[in-house]
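Note that chain A is present in both complexes that follow, paired respectively with chain B and with chain C.
Up next is the complex of A and B:
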């Protein structure tokens, strides 16, 4: 056999093996259908571009801010790049990546995540990082996020991490191996259930230290500088929810107010504004006050949208044909999902 | 030709196998540090990081129970209110562990006999030189665990056992 044939055979064999490994990887990686929080970050790329406001942060953004309402009421084009327990350095790198796709006028960051100063959990890391497209931002986000037990190579080749799932594959793994329908509406994860908050929360757990971690505050400062460099205004928010497990302490509030004042940033803490916003804890939460449901999130979005337009001059784009057409599709999808979930 | 095919295929399989073996690490959660701080309640010794199931059975029904699931559906934080203390339990797929203990009255003491209402001096006598103090609290550390005494007017107004905040 001549050398050419041998090389050809070797190349073919390598290709076949690569294909098998790629297919196996597609099969075994989590599909995030029963816990859709892990699927949202990757959905951004199909809709990237043309947003005036980008929201980053943890569940308090993707369960509180409804881009569809911001559009419908104010013509504000926005997207939520939120994920479960999104740590501040993950928000930073997601934002760095987002600026490569678009130049929003404002970036809104939810401050609860500042309580974490170190990597927390691989499962939550995966929900944010696996969905990111490969870039230097993803690379740095992984480096900053890994717990001691994690390995960088597992993120490059998820098959290494999830190969043991090969014996636990379900129909879902085959169904969504190549393509999966979006779980969010412009980054908002819709919840229509109603589970009232029966008693008002009064306090959180005692903490050993009430100082927000220095590393977290450093990333916040980097985020501010990144926004400045890209011509975007950084706005800070705290969602109106305040349950004992995710308590917003007075000491944290003081630190954020001081920081915002020093850096001349707008900061909106919606906790004391619930009545003004119109939130009814009997109807506007799906889990007894921990998160808002769609009815509460729409109310908050209406309230915040007015502020974004009046105080931050975010434009009304409803008269722009192209943007309007794009949002019409998103509005249809939003309404359809709301009707569907309300029926279930 | 057949040999070459076999060699390349064997090499490929070897790569797959080695990648699989490389990925075959056992992932383990952090084990409880088994710190020395504890409280006795209804004849049960309570410590941070202790598996919660047996403890909860032994303590019988709490006055109230509140549960909050985490955002990714991976676990939950559960607060059990008893007559003299609050137990915070972290639940995950690997089981439930005691994450924090907050004493709420003077009927329960730490393992060195300190309870709410005792003097600051008594705390120092029992636990030695304070590790960290800002005037309103005395903080002691053992392994991953902390014992925190809230101080008001020279007396203990609150006691918490918890893991060191990450």
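Up next is the complex of A and C:
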């Protein structure tokens, strides 16, 4: 057999093998249907552009801020780029990427993630990073986030990480291999269950050191500079919660207040404002005080929306036909999902 | 840098083109640099030890070579004035001198190995004695054990002995000897090459040979299949079984023996396939280390087919010299005189065999279990040898049965199980526990719970199906390889060849037990 023919066969074979591996990769990567927290980051790209406010941060953001309410009440066009245990550098790189798609007027960052200064968990890293499109931001986010057991190549070829799922595939993996419906509403993950907080937790467990990690604070500073460079105002927030796991200490509060004051940033801690917002921990939480459910999140969004408009001059876009039409679709989807979840 | 790491694959991807693109005279230099880079990943302090072995061996070999040429020159110059007797006496004196130089090299290098590998074992034994006499215990130092020290020490000492025996020429370039000592593919788990086989291949220029390169890559892929799909998947169950041996008795011990037999075979032969494949892709041919060991009809045959290079090393450098050394000759004479010809002639052979197997056990690891493992192998071989007349009578009495295919299979299964049983000493790492668990195979009758119990070892039904499928593929390839030219024939059918290699690649990537959630472990023979 001559060399030309051998080369032709080799090229065809490599193509076929690549195709098969690509298909298998689509099949084995997690689809995040029963645990949708890993699917939200990737949903942004379908709706990227035209937002005045971008929210970044961990679960406290995507469970507390309802862009649909902000639109409905104030005509604020916003999106939540939150994910489970999103670390501050992940928020930074997500924001860096977001600025390539759009130029929001304000960026709101939830400060709870500042308690982490080092990579934490592979599972949460995956939930944030796998959904990102490939860019230098994703590259840097991966490098900054990897735990010791992780390898960069596993992010480039997720098959190398998730191959073991081949023996655990379900119908869901085949159904959503190529296309999956959105699980979030403009980045908000709706929860309609009500699990009341039975016992108020008075204080968090004692820490040996209350200093927020330097690396985390450095990323916050970088985030501020990034916003400044892109003409966006950085606003800091702390979502209301009342649990051990998400305890917010006085010492942390002081550090954030000092930083915000030094850098002339607005900072809203909603924990002491719960009563004013109208949050009822018996009805507005789906997990006994850890996170807000949709009823609590709507209340908070109404409150925050007023602040955004009055103190930060975020415009009302309801009179703009194109934006309004786009948001009408999102509102319909939001209402439909709420009714559906309430029925379930 | 493990063979199973992404870094190693990246290392190969860079090395192969570099090796063939540099001027041919620099190829061995590239290999030397690559080998030391590979070794540096195991720790810079390890390099010190391999350098010590290289430099000391270089010095000793040159010294022996210099004495040998001095002897030749002297004899040539004094040919006229020396009679036969004087020449013989001079040669004997020189040989003794060279032997002392050799001994210096051997003691120094085996000394390093002994100190680093066996100090802990010796001191724990010593501590037990101190305990008995109530003298407290000594602190056991945590010594560094450089990667592949057993393999490179044995390979280099083989070279020294061959130089002494004038079976190979002295390497005058220390950098070349450094490459022979540290050639990276075989550093991890052998094969233990002979200088006369490997050295020339390492130093000679190699042109890119497409066919050999493809064959090399195919062999590497095959090695990864065995290691990642079969061995490392079985490892999950092995870890559970060994975490609490007393919990898994009776039928589980049998399962452990079977699983470990397959695991160590897939692990070790997989590693050797990767090693030989890399060498082949670089244009070199290393000695095969396995020849279908599980088809052996006897323990002796098994050891001629399993870890062949180690077996032949011990035969050539321990057993034969020991059998013909002066004290052994004296013992032979004495035993024949006192015990009769039949029994007397056996004594030195048995003694040499026992010593060889004792050292083989010790080579595998610093532990009583390894020594017992070696001695049990020795016992089985010697008993088989003693029973040989009985077997011969059986074969004469039942010629049809003994030459039948079924009887051959029976002997292969028997040898497989016997070797597996002895090999379990290597798993439990404790002689008492092993013997107790062997006993439990007869006393604890828990076969009924095995089907459910096997699913509690960390493996699911799908895992066992993968293992079984992998074993079937491995056995089929083994049988087909026995008929010569499997890859040659495949080379003539590139489409089929690509289908098989593509399938293998997909199987490795998809079914391999690697990455997070698995412990794609080191190769088992790394630790030896």
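The working rule: the second predicted complex is superposed on the first by the 339 of 344 C-alpha atoms of A that agree within 3 Å, B and C clash if a C-alpha of one lies under 4 Å from a C-alpha of the other, contacts with A are read in each partner's own complex, and residues count from 1 in each chain.
Quick note on the criterion: a contact is a pair of C-beta atoms (placed from the backbone, for glycine too) under 8 Å apart; a residue touches a chain by one contact, two chains touch by 3 or more.
The shown structure was predicted, so the numbers you read here are calculated from the model rather than taken from an experiment.
*Asks:* Where does A:310 make contact in the superposed view: on chain B (first), on chain C (second), on both, or on neither?
*Replies:* A:310 sits against neither chain B nor chain C.
*Asks:* Output check: A:13 vs chain B and chain C. Expected answer is one of first, second, both, neither. What do you get?
*Replies:* both
*Asks:* Give the label of whichever partner, chain B or chain C, reaches more residues of chain A.
*Replies:* After superposing on chain A, more of chain A is contacted by B.
*Asks:* A:161 contacts which: chain B (first), chain C (second), both, neither?
*Replies:* both
*Asks:* Give one of first, second, both or neither to describe whether A:59 is in contact with chain B, with chain C, with both, or with none.
*Replies:* Only chain B is touched by A:59; chain C is not.
*Asks:* Quick one: classify A:149 as touching chain B (first), chain C (second), both or neither.
*Replies:* So A:149 meets both chain B and chain C here.
*Asks:* Applying the touch criterion given at the start, work out whether A:21 contacts chain B, chain C, both or neither, answering first, second, both or neither.
*Replies:* Touch partners of A:21: chain B and chain C.
*Asks:* Pick one for A:258: touches chain B only (first), chain C only (second), both, or neither.
*Replies:* neither
*Asks:* One more residue to check, A:170. First (chain B), second (chain C), both or neither?
*Replies:* Once the two structures are laid over each other on A, A:170 reaches no partner at all.
*Asks:* Would you check which partner chain A:127 touches, where first means chain B only, second means chain C only, and both and neither mean what they say?
*Replies:* A:127 sits against chain B, while chain C stays out of touch.
*Asks:* Which residues would you name on chain A as touching chain B in one complex and chain C in the other?
*Replies:* 1, 5-6, 9-10, 13, 16-17, 20-21, 122, 149, 153-154, 159-161, 163-164
*Asks:* Looking at the complex, which residues from chain A come into contact with chain C?
*Replies:* Touching chain C: residues 1, 5-6, 9-10, 13, 16-17, 20-21, 24, 28, 122, 149-151, 153-154, 159-161, 163-164, 166-167 of chain A.
*Asks:* For chain A, which residues count as touching chain B in their complex?
*Replies:* 1, 5-6, 9-10, 13-14, 16-17, 20-21, 34-35, 37-38, 58-59, 63, 84-85, 116-118, 120-124, 127, 149, 153-154, 157, 159-161, 163-164, 205-209, 243-246, 287, 290-291
*Asks:* Provide the residue numbers of chain B that touch chain A in the complex, in ascending order.
*Replies:* 1, 4-5, 8-9, 11-12, 15-16, 19-20, 22-24, 27-28, 66, 68-74, 77, 79, 88, 100, 102, 139, 146, 148, 150, 158, 160, 162, 164-166
*Asks:* Using the touch definition up top, name the residues of chain C that touch chain A in the complex.
*Replies:* By the definition above, chain C touches chain A via 6, 460, 462-463, 466, 492, 494-495, 498-499, 502, 505-506, 509-518.
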